[in-house]
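The structures come next, written out as structure tokens.
Shared between the two complexes below is chain A, which pairs with chain B and chain C, respectively.
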Partner chain A sequence: MTVIDKVAPEGSKAGERTSPRPTFRHKLSRWDVKVSPYLYVAPFFIVFGIVGLFPLLYTAYVSMFKWKAGDDDPQFIGFDNFKELFADSQFWNALTNTVSIFLLSSVPQLIIAVLLAALLGARLRGATGWRVGILLPYAASLVAIGIIFANLFGPKYGLINGVLQTIGLDPVDWQASRFGSHVAIAIMVNWRWTGYNALIVLAAMQAIPKELHEAALIDGAGTWRRFTAVTLPLLKPTLIFVTITSTIGGLQIFTEPKLFDALPGSNNGGSTNQFQTVTLYLYQSAFENYNLGYASAIAWVLFVIIVLIALVNFFLTGRLARTPAVKKK
Partner chain B sequence: MTTLQSGLRKSVATLGKPRKATYIVLAIFVLGSLFPFYWSFLVASRDNGMLTERIPPFVPGGNFFANAARVFDTVPFWKALANSVIVSGTVTLTTVLFSSLAGFAFAKLRFKGRNGMFVFIVVTLAVPTQLGIIPLFIAMSELGWAGGLQSVIVPNLVTAFGVFWMRQYTVDALPYELIEAARVDGCSMIRIFWNVCLPAVRPAAAILAMFTFMTSWNDFLWPLVVLDAGNPTVQVALEKLQSGYYVDYSLVLAGTTLATIPILIVFVLLGRQIVAGIMQGAVKG
Partner chain C sequence: MRTIRNGLVLALGITMTALGATACGSGGDQTPAAANPNEHVELTLSTFTEFGYEALIPEYERLHPNIKITHRKTGQGGPYHQDLITKLAAGSGLADVAAVEEGHLSDVLDKGSKFNDLSKIGPADASPDRWLGWKYDAAKTKDGKVIGYGTDIGPLAMCYRKDMFKAAGLPDDPEAVKPLFATWDSYFAAGADYSAKTKKAWFDSAAQNFNAMVNQLPQGYIGSDDKLAVEGNQGIKDAWTKVTDAVAKGESAKLTAFSNEWNTGFKQGAFATKVCPAWMLGVIKEQAGPENANKWAVTAAFPGGGGNWGGSYLTVPTQSKHPKEAAELAAWLTAPEQQIKAFQAKGTFPSQVKALSDPALLSQTDAYFGGAKVGELFAEQAKKVQKPQYKGPGDGQIQENASSPALQAVEQGKSAADGWQQLVDQAKKITR
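Right, the complex of A and B next:
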């Protein structure tokens, strides 16, 4: 039966005469209790059905076709798109780029975020001010940031190269070189997300009982020893969580490489696709080459990769501990 | 012996006390956070000539308003701003409303399939909706919505994160006694939600509203796919500003500055709550 938790079933109002047959109001109220919960959760399921589940399944369907945008007569070709995809060097190139950019961004980001959290965890004067300051990049629009960084990393007149030359180093062609472009894009990602992750880690740090640190101190542990022996092990679940979320976000990276191109508006990810990511390739296949079937195959392969990595991470987290955390994308 | 003990007591007391170096390192990070914003304003307030100088000037010039005016001439920026306000505003309102409703149901009402449905929602958090853009684009074209604002609004009416977030908060924030009392007084479910639940969960709803607004305002891939250049959001307009054969950086960065200022103001005003929200979310889960 549908009742509110811990609430007695439909009672009559105090002082009201109870009639043997339920009144209309009574029936209405009962119907209200029964149906309302479903109405309240319905919007999510309707929206998810339309924008989550249906697209996912329909993408699988479209991926079986030679489906050109605007084409009235898509041709069923089974798994040929996937076969073509696995033989497509541009796809493997995009996947390599994605993983490379992801590693270059998430590894340093995590390390710096933990150290930054340790600094922010001290009893600072104006603690909130520092936290807001560190978090500022999170508020910035990705497009604005992409444009600004593309300018800073500009090969000819970019500020970064200007500084490098001023201190006597060779300028780097951040856009043309493969590794250089990955580093530049990773710096963009790190600039935006390090402060955010530092706050997540900080929250976990503050949940560690103070007594543990005091005990370690009395045992003669110095700052660094306390950090590695007390703080880090207790942060493990949070660290894994942050890794999962940055993995999911990192594998879908799109805006930064799109805006980093020397030819604005291009989806090539550089003249030799040196920084084209999987999502950028997907976008190019679908909305520049209008090859919807092929793009759908890319989407599904990427989806499977993300799910696999998420499952591995989920398994790891489940084994380690239960300190869930939440991240907004 | 006593000196050792007092020394220890002293170091326990100073546990977590910052050193000067801490402030210096943090200051460097904050400056690093601010620098790209300042740089874009710097370029926006001068002309392109500045970019060819080896050591650029580090004080703003006087051309910002001229450059900003050119932004409005080059792309329909007013329209883009209005569109972004409409889209982000609507999405924020509906997300907060629907998420609170669903959160209320999952936290406090008992109905068949409740747990299963909730687990399902948590699982969908991991589904990257980004990957569904192709069928979604086909669907929007079929509906004739492509190019219209509803194509950006409808997919974002409510999020799994929002439902999850509100449910977690409602569990603790809303005592059963209050619901019970309202029931005894003859309140309908929707009135209980509106008059009892909503006031109790207002802090969480406010945080959700801020996050939703920021996310929606900064959304790029989907609006880029589905909107056209004549009816853009701010982010799409910015991208159009940049994609030409010749990039006029003073113009483009004037655009990014214009687009960033509103959200920076919001952020500075509400920074404390945003920080609290992120940290609360991290611990509560």
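Right, the complex of A and C next:
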């Protein structure tokens, strides 16, 4: 404080920047330039550090222990949890289920999203209404959707089996059949996310300059040709973005399979784990069997898988997105 | 570079101070309990499914104007207990009075140090002789602490559909059907005839019957040494064989208990009999609905004598800021008079000796079940219960995550032998 009192009046008296020592105000403005940007971005990183990075690192720490919930002195076992995990057939079963459900949901979802976006991009009466309409499933409560779909796919009294039987087909035990349960869950996921993805694609579609379409029209290209030769190539970056986000979401799928189980509150994913996903297995290990160490190991393996796939996606984006956008005209 | 670091430290400092301030803010207004009876005390009570406390809580608040009770009700028992154990491990978030179901009691006794000893802090009138001996003793830890006051018990009887029995040419009077329910063999044999004749299911779910059978055994999934005892237990293996044989004969409606399909099954009359712990009457009434009133009946007979399925305890975790007041509330809620009222409200059957001979209980009838004297009936069934089996840690999880899914798999087409292997493997995994 005393320093400020001494320096400040001196600097203000001089009024010029002749003083060999920088004034406090001067220092302050230099700090402002150098430090302030970091202060402005700091809240994100601090919050991320607390709620993102710390749990991540702490999970890695916990995965080194045989740690039962409520244990006062967990036992350090190094990488034994990971060794056990790689030999655990239930984990591989869960991983297969996850990938299967992910493929069954993401592939049709993206195709339908692009087609839907193309339709929504056409001239429609009440376009906003339709656009909001396809977003409605996304706004509905996930738990409510889960309960409704579990009812639809009920093996005995479900609506879907009722319809199948009226048209003369055999009913499917959706919970018992492995593939059947994956299809049912994928339908649940698609119903919710297709509209959301279609809107993102639609936004990208509308950013495509009209001149390109006009030029193609003059060259004699029909609707389909313009869609495949102009729209799709320019959509590539957006499509890859949508793929990445749905990959991350798809690999973490949890609520839908949990609510699809006939046994309420069960984390088994069916009587013989037909549709138990990795996150469901993680949850079961942590909060039903209270093996926190083992669950942490699952969480880390899942994290690494997601990062790897995201990286592959990222490099593909770099390659695919660059070439066509520049060349095509 | 230095200024940058200083800036970050400053920013971190500011954020930390802000976070610290809010943390203090939420923690600071909870002052420790004082003995002053006029002091305003807020208590929380957590229960799952139906305890019948809805009318009792306002009554307690009327009797104790300084106490305000928040009742947290949860639907399913499984998730409720997961939440309970997690919060126990986390060291915060539990209610002052937390209900614990008998099947999960062993997990809680395992962590006895995190609960108050009710024999020390509880009111004097909550003495051991209030309860049925086995009910009271079951909530004692190995070092003798009493961590829970018994609420209800689940004496078993058999419920059945009168109209469906009549249609199949079976006797339908509650006295006349008793021989059918004398032993498990007679029960499954009657079911085989019934299913062959009508092409309809005899019972709702294999797992429901199996659970009742295992509960009757002197020893359950876990031995008294707290080790897994499924493979060496002939009683469990026999029960498995009988139930899976019945499934093979088409006696099971193959409905997973408490699922949506099971609920619909009650409305549709998908099965003719149902193992009925006392608390199941309320479930049947709710799911079968008024349109099926008088079709259901209950009789004082259960294959293999009697049995107990379910029943809970009220505990006071050490997390509670007001343990004395919480223990008083728990003692009051489990006192004979209140147990009778809870029974009248939701059919939770009393565990107090005095309540079992209470005229209010014995004269209780249920119009939905054809005016059956359910109070007297279940009191009679409760007396048939011998010493209940010891349930070691993991017992409830094995029932929910090993035996029930394995039987579900058998109902979905897996062979009985493969299903048994699945049960054993999964039980080993749980107790590992």
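FYI, the second predicted complex is superposed on the first by the 276 of 329 C-alpha atoms of A that agree within 3 Å, B and C clash if a C-alpha of one lies under 4 Å from a C-alpha of the other, contacts with A are read in each partner's own complex, and residues count from 1 in each chain.
Criterion: contacts are C-beta pairs under 8 Å (C-beta built on N, C-alpha and C of every residue); 3 or more make two chains touch, one makes a residue touch a chain.
Computed from a predicted model, the values in this text were never measured in an experiment.
Visitor: With both complexes superposed on chain A, which partner does A:264 reach: first (chain B), second (chain C), both or neither?
Guide: After superposing on A, A:264 lies in contact with both chain B and chain C.
Visitor: Looking at A:31 after the superposition, I want to know if it touches chain B, chain C, both of them or none. Which is it: first, second, both, neither?
Guide: second
Visitor: Contact-wise, after the overlay, does A:287 reach chain B, chain C, both or neither (first, second, both, neither)?
Guide: both
Visitor: Between chain B (first) and chain C (second), which, if any, makes contact with A:120: first, second, both or neither?
Guide: Once the two structures are laid over each other on A, A:120 reaches chain B alone.
Visitor: Between chain B (first) and chain C (second), which does A:200 come into contact with in this model arrangement: first, second, both, or neither?
Guide: The answer is first: A:200 touches chain B but not chain C.
Visitor: For chain A, which side has the bigger count of touched residues, chain B or chain C?
Guide: B
Visitor: Please work out whether A:140 is in contact with chain B alone, chain C alone, both, or neither, and reply first, second, both or neither.
Guide: A:140: touches chain B, not chain C.
Visitor: Is A:272 in contact with chain B, with chain C, with both, or with neither (first, second, both, neither)?
Guide: In the superposition, A:272 contacts chain C only.
Visitor: State whether A:55 touches chain B only (first), chain C only (second), both chains, or neither.
Guide: A:55 sits against chain B, while chain C stays out of touch.
Visitor: Which partner does A:151 reach: the first (chain B), the second (chain C), both, or neither?
Guide: In the superposed model, A:151 contacts both chain B and chain C.
Visitor: Using the superposition on chain A as set up above, list the residues of chain A that contact both chain B and chain C.
Guide: In the superposed arrangement, which is not itself an observed complex, chain A uses residues 34, 36, 38, 43, 147, 151, 154, 157, 264-265, 287 for both chain B and chain C.
Visitor: Which residues of chain C touch chain A in the complex?
Guide: 3-4, 6-8, 10-12, 15, 75-76, 78-79, 82, 85-86, 88-89, 111, 114, 254-261, 264-265, 268, 270, 397, 400-401, 404-406, 408-409, 411-414, 422, 429-430
Visitor: Would you tell me which residues of chain B are touching chain A in their complex?
Guide: Its residues touching chain A are 8, 11-12, 15-18, 22-23, 25-26, 29-30, 32-34, 36-37, 39-40, 43, 51-52, 54-56, 94, 98-99, 101-102, 104-106, 108-112, 114, 117, 121, 124, 126-139, 154-155, 157-158, 160-161, 163-165, 168, 176, 179-180, 183-184, 186, 188-190, 193, 211, 214-215, 217-218, 220-221, 225, 234-235, 238-239, 242-244, 247, 249, 252-253, 256, 259-260, 263-264, 266-268, 271-272, 274-275, 278-285.
Visitor: Name, in rising order, each residue of chain A that touches chain B in their complex.
Guide: Those in contact with chain B are residues 2-7, 11, 13-14, 29, 32-34, 36-38, 40-41, 43-45, 47-48, 50-52, 54-56, 58-59, 62, 116, 119-124, 128, 130-137, 139-145, 147-149, 151-152, 154, 157, 159, 162, 165-166, 191, 195-196, 199-200, 202-204, 206-207, 210, 213-214, 217-218, 238, 248, 252, 254-255, 259, 264-265, 279, 282-283, 286-287, 292, 295-296, 299-300, 302-303, 306-307, 310, 323-329.
Visitor: With touch defined as at the start, can you tell me which chain A residues reach chain C in the complex?
Guide: Within the complex, chain A contacts chain C at residues 31, 34-36, 38-39, 42-43, 46, 69-70, 90, 147, 150-151, 154-158, 173, 175-176, 262-268, 270-272, 284, 287-290.
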